[in-house]
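Each chain gets a letter, A, B and C, in the order it is written, and its residues are counted from 1.
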């Protein structure tokens, strides 16, 4: 019987077409991912190269005074893109991969944006996660919506019921072949991805695979549930499509609006204002308080003093710059905490909406979500601190420019970490699937199918 | 009233209708018998203008269907094998819709009259058609024909799936219509019903009208024998 | 019985039949509510944004005017913060607003990026799209129309009523137009009230100086949507007419929807990126820096690149040191430097914008086969949330920056002595009156004529789609089989 069910499934042209379309869309998305990886790779190679060139050029040009040189020199920190990000590009096309900073105040620099075409950002990438989240369910729906109703409408249902002892096993086999064929396409795609995109087999990739599989199973469970009500084909198709529209379009977009309303971020603008006041206002103020504040922040530089007779020294200049950062500090903390709150909220809500949960989890393991960006911001702060502590003494005592070994300032790489919490990752799927299956079983029981 | 002249239709090489000649006068009921695929439905479709004949001509009230499709439709009404109608509208609403499409404007009283005349009990007239039985839907179909005051009525297996009582009522209505001068062409498998209702009976085979006889000249049993022999 | 009357009857019947179907009224209500909700939320967001921007703008202006007496070049570096205002219609269609920066720091010598777009502050959710009236009208309404329309003819065929319709004298074009209009009526029932609400919201908007323009934009946009919807209805009914079964029609229509709203936009985006790759920021900066370094350092009066300039100035004025010049020499050099660096930057910036425009042209061309992209572009354009409106802002900000830097340089040239040593010298400080005299930044929006010119193609494409389908309906309606 199984053999005949399989044969019947593959004899239908629509099934073959559905699977092939999925495969093609998936392969295209892998190609898009590979292009994305190449592009980021290029950016980091070029940045490293330009950084060297730029340092050498500036060194040859401003070789008289360390302070002047350090006004110009930029050092980059790369937010390492794992190959897995190619499957779920997430926010990576919005946040720059490399940020280059001078030792001047950080706030003026760290939020500068990449060159991007906003229309393209709006349209978004067709990465693998998109194909998975949007297209797989549609094929699953089209395979499963008339699981029973096609038999009823074709008049074979009463035959099936009179022939088979329990039609349930027949239905399970029928559903099973659909589940297996879709999962097979998914796994083939992931296997191709593994080698084509050279993705290392680690817990992140494993989580990616499991989440993808769970997501596919979730939609099958939902289809199974809808089918269990034994309505006609068009009711089933419409119910499932409405689910799709709500889960993929209306609910996520609604949550987005909601969290924006719940956590407005005027700090994004006040940060800029505070920073500008903090720094520029110092020029017209007495120098002592500025320096006092600087010494209070960094006691280790107390030994350097601003010569009273001078109107300008680099010590005073960088002390002013530092004040710019400090004035904005509370706003920045607030900004970051609101970003975290937004992220936390959406992660919590995502327990209820598997599409959102899938997207956020895939972005998390691909290190392409906002969490990664926040970590990178912190890393950039540390990197900036480190640069300051390395160069401040040299600037303040005006070490000769030529004595520094400039070639060692290559592009720094930030490697983010993400620990997969298996329970949080998989539990929402399991809960939904169990609930759907139980409900479906009760429905089948009430209909006396088993 | 309903006239076919050397009416032929072929699909590719397949002949569906071959040089059919037929003339049904006012008040006459003509029953077409024949196996599935013998050409009964194609004949009706030619008269309705759904199918363009390969050669020959179909005339209704002397108007050529191919040349004046719109005018010819003014004189005819049609009830398909399964009239599903619009399930969300009531019987009377369905009737109002179809008859106003044909250009008639009737008061509700008149519409009710048509429905009652075709045998639909008054209590059902305002109910949604979704809950109607097949017989009730057929009656609305008849009412549509009545309302159109059609001179020619085409029926495709009108009694298939009806219970004997409904079927009998249906026959009565047809007789009444023919009494008022309507020419009726019906395709059917029901030999006994055909013998009872029709004035003339034609048997079709492979697109041809192979025999034609008056209903009064033959008994139902003889007709069945002839049918089985012919096909 | 004339044609129009039959069309009218068929339309009314399609309307009544669908409205009586279970769930239809609920859906209409739901869509109305969704649209009301998103219009209101969009409007509140817009007001909040405008208030914020005006508040911050006022704060920045106050601080500027109340800056103490100081050297003008200090003011040039103190600079100005400019916050992007939104066009009064931005609440209707968010367009690419969320991907556009909102604040830019303007200072001498340096072109900063416009930072803090909403996308910078959002997580992966943004990628599911944003619920705005525009999104609902462009994406969800088509789906709804296809749902209501897929069986408008095919079901008649399946239940046999199509034969009766034809027997009653209905002809193909009448059938398609009638059903399409009935569907259109249903469609309108979901959007008319929200359109009226949108219109009212325009009048509630605080800044009434743009009222005339925004009303004009709104009317054009609504007209565009009405054409778009009519095209959708014709497509739905036509597909229903030529499909073998209702199921086939539904599959085809859903396929079209996926193709139009998801696939074509994304694929053309990929094509655009492949054909016209965007340079990375570092590449861009580096090439600007490379060129700038050739012009020398205008901050350094002894810069060798400015030696020739110095020599010629000394010669013309017959003096032998810059201190003897009748104007402030370093201001003069900086003015020259600002001019050169801005020219350099702008030439690169223009090339970049040109590249972006090439990329967008791909999308615009894709709109020929995808009416969704056409209405999307039109809607964004009219709502003032498209790239052209943004560029207009960026250009104004850069022009203002240049004006600020050069005004400060002029002040330095004319009013600051040549012998002062540095900017904190009291004699080198100008009174704050000069700051007050410098005009505030006022963002202007593209005039309607320019917007229409930008959107000419979208309008043309929509008109062509309507014409094309009207013709298809007449040409192919005899292909509708009665059985």
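We take it that contacts are C-beta pairs under 8 Å (C-beta built on N, C-alpha and C of every residue); 3 or more make two chains touch, one makes a residue touch a chain.
As the structure is a prediction and not an experimental result, all values here were calculated from the model.
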Which neighbours do chain B and chain C have in common? none
Chains most often in contact, by C-beta pairs: A-C
Going by average Cα coordinates, which chain is farthest removed from chain A? B
Taking mean C-alpha coords per chain and comparing to the overall C-alpha mean, nearest is chain C
Averaging only over C-alpha atoms, locate the centres of chain B and chain C and give their separation in whole Å. 62
Report the inter-chain centroid distance for chain A and chain B in whole angstrom, where each centroid is the mean of the CA atoms. 67
Where chain A and chain C are represented by their mean Cα positions, the distance between them in whole Å: 25
Among the residues of chain A, pick out those that touch two or more other chains and give their numbers. none
Across the complex, what residues on chain C touch chain A? 34, 38, 41, 45, 48, 52, 56, 59-60, 63, 67-68, 70, 74, 77-79, 81, 83, 95-96, 98-103, 105, 112-131, 135, 139-140, 143, 147, 246-247, 250-251, 254, 258, 262, 265-270, 272-274, 277-284, 286, 289-290, 293, 297, 352, 356, 359-360, 363, 386-387, 390, 421-425
Using the touch definition up top, name the residues of chain A that touch chain C in the complex. 28, 32, 35, 39, 42-43, 46-47, 50-51, 53-54, 57, 61, 76, 90-91, 94-96, 98, 100, 108, 111-126, 130, 134, 138, 142, 233-234, 237-238, 241, 245, 248-250, 252-257, 259-261, 264-266, 268-270, 272-273, 276-277, 280, 283-284, 311-312, 339, 342-343, 346, 355-356, 359-360, 363, 369-371
State the interface residues of chain B toward chain C in the complex, per the touch definition above. 45, 48-50, 70, 73-74, 76-86, 88-89, 93, 97-103, 128, 141, 144, 148, 154
The residues of chain C that touch chain B in their complex are 1, 6, 9-10, 13, 16-17, 20-21, 158-161, 163-171, 481-483
